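Next come two complexes, and both contain chain A; in the first it sits with chain B, in the second with chain C.
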Partner chain A sequence: MSELFPRKQVMGFVFSLVLTAAALTVYFMDVSFAVGMTILLATAFIQAGVQLVGFMHAGESEDKVAIYANIYYGIAIALVTIFGTLLILVWDM
Partner chain B sequence: MDYFDRFAIPHPSPAIYASMVAIGLTVIAILVGLTYFKKWGYLWREWLTTVDHKRIGIMYLIAALLMLFRGGVDALMMRAQTAVPDNKLLDAQHYNEVFTTHGVVMIIFMAMPFIYALMNFVVPLQIGARDVAFPRLNALSFWLFFMGAMLFNISFVIGGSPDAGWTSYFPLAGNDFSQSVGTNYYLMSIQIAGIGTLISGINFIATIFKMRAPGMKLMKMPMFTWTALITNAIVVFAFPVLTVTLLLGTMDRLFGTHIFSMTNGGMDMLWANLFWVWGHPEVYILILPAFGIYSEIISTFSQRNLYGYKSMVASIVIISFFSFLVWTHHFFTMGQGPLTNSIFSITTMAIAIPTGIKIFNWLLTMRKGKIKFTVPMLYSVGFIPIFTIGGVTGVMLGMASADYQYHNTMFLVAHFHYTIIPGVVFAMLAGLTYWWPKMFGFMLNERIGKWAFWFIAIGFNVTFFPMFFTGLDGQARRMYTYSEASGFGLLNMLSFVGAVGLAIGFAIIVYNVYYSTRHSSRNIGSDPWNARTLEWATQTPVQSYNFARTPQVDSIEAFWDHKKKGKPLFKGKIEKIHMPNNSGVPFIMSCIFFVWGFSFVFSMWIPAIITTIAIFACMAHRSFEKDDGHYISVKEIEATEKDSEVLANESR
Partner chain C sequence: MKVDNSLPLEYGTEQNKLNILGFWIFLGAEVMLFATLFATYFTLENRTGNGPAGAEIFELTPVLIETILLLTSSFTIGLGVHAMRLGRKNAMITFFSITLLLGLAFLGVEIYEFTHYASIGAGLQVSAFTGILLTTLGTHGAHVTLGLFWGLFIIMQVKKRGLTPETANKSFIFSLYWHFLDVVWIFIFSFIYLKGMM
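This part shows the complex of A and B:
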């Protein structure tokens, strides 16, 4: 019976609900801009991770290595682009 | 009448009116010709609706060659204008339009389709697949590119060409300084073509990951397929940046936002930044497939396996990652501090290391090889010293402090032509000559091809080498004329002479195609170059299903082992083959995209809304359409394979 119950998916669903609730608190609670943005960004990225791994089955096929390599590559490039742009146009202008 | 005033040319000249007439007559000639020879049905059935990767590749090729000549004429006009001091051939505005068009056409509408032409034709054959992963999306990619290119090309006769350079920096490209619709054309046409490229990127990654022949591990793929994979990975990561950047630019020009403006909180340098976040990886999108082509050709004509396969793979992967780390070197002089410039200087120079590894690998492949100097090999061997000059001057430009001297001079123009022409044009001509027999069933004449090579190689150097000197002497790029006192006259005249040499070289290639079509032998077998990779294991011309039986691979050069060691390539018996159906939807949808783009260019909102709905209708149609493809029966396959030498070899 336990094989039939999608334990991982249900747990993932509950976890995403928790994350959504955590993000919502920013609206209802009186926190500073910096703290609010930190909470929002953190919950957003964890949420994206849960979606990819839990619901889009990123780690469940033979292509696991290729899929994760692509994701890490994409994240690395996104970070380089964002922080590079900040460096050029804001921090070192 | 006011409504139609917007379509008028803001800056007319007799040359443009002559072009209008020429375009009109050509269109009429094509329509009449198709009707007279009753080719409409053939065109629709065999080409416009095709999803066959080989035919799509050939259509890419034709489009790329057309655009090569369009961009080439622009280049000749520029060299003619600057050939003598104070020349009046083109005025400043026309010169701006010509160099902008030259840049956009050559990068986006010549180099990109040329690369995708060869990738489309070769990659599925090299990995032993029957087609790409998503054949219909592939057709959509091509037609989106084609419509983007056509939209861009009508700009100079309807509404005016873009004139802010191929980089189209805001705020110059904003409404205040570029009032004609030219920049709208730039934004919309590249957007449409860019969507096509992005789709291709995803398509080829899926194809290479999922559709390789049994036994072909990643580290057993031919080098061209490797470079295609990495190139498409860069496409997928870089093109979304372009999409967003063009969208932001469109918002600024059409909807009154202030993202790239100097006032109202806009950030005027953000365009340059975002443009090069895409633009530098784009350079490697152009060069990596060329590296793959050279690897195939050098190995084939040195009659040796490729030296340092693993280091080749490692270096292209490293290059692809580094390509995202260097974009600031395009604007060292923009005003950021020395810390930033130093960081990007170092990353820029670091790219020379993996590139150097590749150069040495090619040289070592040739060492002790029995080199045959065929036309593709000539281009490959010619590429190495010329590209090295481009690379070394690139390192010079990469030094941030020294770059203040070179920036935006003809030195820069010479540098990037010294990388792009051997890196892309030579490679594409080499690849075209190399795979031509597989595409069309006959070989291009070698003697005429060699004449073309020497005209192009020498003409190229005569054109661009003088620019290093005029650039160091202070001739700025994009300057439409100069005084006699500046002393640039003689070297610019030399450049013009070289450009004429280049033009003669390309004319010889056209003649070669004509000559070879008429006179070349059709009886060349399926492997005329004695090559090493799987595409040569198919029949010539290639059947629609590519391989009657899927090849079984157990080494890097399976076809070579098959030929030399007699290892069987095709095992088992022929089974029925599942193939995709043709579809007219990609073509129709892309035509709608063309009207959509045109409506945005001229801010015609009602057609824009209608076409937007129509585009979504096409997508919805696809979602609800039931299309399971078709099967080719064993009987049919056996009939087509009957005379093939593949089967003959097997039965021996």
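This part shows the complex of A and C:
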């Protein structure tokens, strides 16, 4: 039975729950917007990393380089789109 | 068909490897889809018109339940793939079934949430904010719905045909999709709900 619950995945799950709890501090504690956003950015991106590397096995095959290049490219374009939009339409710079 | 037995079944053939790489590229496009939705959400977040703002309608309890359900389902499908690699077909089917049940529960809570929003005057057409909020959540929910049917068909195939390079490959690709939906939810949870309630 225990062979069905590999340590790495159980730890990944526990870590995800801990990160979710950490993210909740912005709700239960009185933090400033800047501090809150810093906490959320950190917990969200770490958790996404746990999923991609730990659960999705992004680095296990010989296509590793292509897969990581694709992920980084996707994230880069996503961030440019989101922050570019914020810069022009919300922060009015 | 040439099967390389040194690799997990789902990577066993050249076609299998290409399918997995191809699916990662598809997920890259999905990242972009959700990035545009988030960009639009952040732009329209404060355009509430005569409707309610996020802080007035968001409730922590259902959102937290949804988060735990989806996180756990992502864990169980990971265990499913692990069981598949051990050749434990029945354990794999059990884990995949638990995953789909958790997904179904998630969808149930989300449907409750949507009807609740509609009942308190936060429907799709009330303001730019409610429009983009429900579009973003709905796009994710539609992906989960699709995933439920996809997963169900995968389980049926594995039951019928056993673990072959083809069914293992399909199951692994489905697990990638399901983990990806959890990643998207993490961002929705953090930057729509928690940011809105902060």
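Keep in mind that, in the parts below, the second predicted complex is superposed on the first by the 83 of 93 C-alpha atoms of A that agree within 3 Å, B and C clash if a C-alpha of one lies under 4 Å from a C-alpha of the other, contacts with A are read in each partner's own complex, and residues count from 1 in each chain.
Please note the rule applied: a contact is a pair of C-beta atoms (placed from the backbone, for glycine too) under 8 Å apart; a residue touches a chain by one contact, two chains touch by 3 or more.
This one's a predicted model, so the numbers in the text were calculated from it and none came from an experiment.
Engineer: For A:11, using the defined touch cut-off, is the partner it touches chain B, chain C, both, or neither? Pick first, second, both or neither.
Structural biologist: In the superposition, A:11 contacts neither chain B nor chain C.
Engineer: Can you tell me whether chain B or chain C touches more residues on chain A?
Structural biologist: The partner with more contacted residues on chain A is C.
Engineer: Give one of first, second, both or neither to describe whether A:3 is in contact with chain B, with chain C, with both, or with none.
Structural biologist: Second partner only, chain C.
Engineer: After superposition on the shared chain, which partner residues are touched by A:93: those of chain B (first), chain C (second), both, or neither?
Structural biologist: Only chain B; A:93 stays clear of chain C.
Engineer: Quick one: classify A:63 as touching chain B (first), chain C (second), both or neither.
Structural biologist: Touch status of A:63: both partners.
Engineer: Mind working out whether A:48 is in touch with chain B, chain C, both or neither, as first, second, both or neither?
Structural biologist: A:48: touches chain C, not chain B.
Engineer: Should A:40 be classified as contacting the first partner (chain B), the second (chain C), both, or neither?
Structural biologist: It touches chain C, and chain B stays clear.
Engineer: Output check: A:21 vs chain B and chain C. Expected answer is one of first, second, both, neither. What do you get?
Structural biologist: neither
Engineer: Which positions of chain A sit in both the chain B and the chain C interface?
Structural biologist: Touching chain B in the first complex and chain C in the second, residues 63, 66, 70, 73-74, 77, 81, 84-85, 89 of chain A appear in both lists.
Engineer: Please give the residue numbers of chain B that touch chain A in the complex, ascending.
Structural biologist: 209, 233, 237, 241, 267, 269-270, 273-274, 277, 321, 324-325, 327-328, 334-337, 339-340, 343
Engineer: For chain C, which residues count as touching chain A in their complex?
Structural biologist: 7, 11, 17, 20-21, 24-25, 27-29, 31-32, 34-36, 38-40, 42-43, 60, 64, 67-68, 71-72, 74-75, 78-79, 81-83, 86, 88, 91, 175-176, 179-180, 182-183, 186-187, 189-191, 194-195, 197-198
Engineer: Quick one: which bits of chain A touch chain B in the complex? Just the residue numbers, please.
Structural biologist: So the residues of chain A in touch with chain B come to 63, 66, 70, 73-74, 76-77, 80-81, 84-85, 87-89, 92-93.
Engineer: How about chain A: which of its residues touch chain C in the complex?
Structural biologist: Counting only chain A, the residues touching chain C are 3-6, 9, 12-13, 16-17, 20, 23-24, 26-27, 31, 33, 36-37, 40-41, 43-44, 47-48, 51-52, 54-58, 61-63, 66-67, 70-71, 73-75, 77-79, 81-82, 84-86, 89-90.
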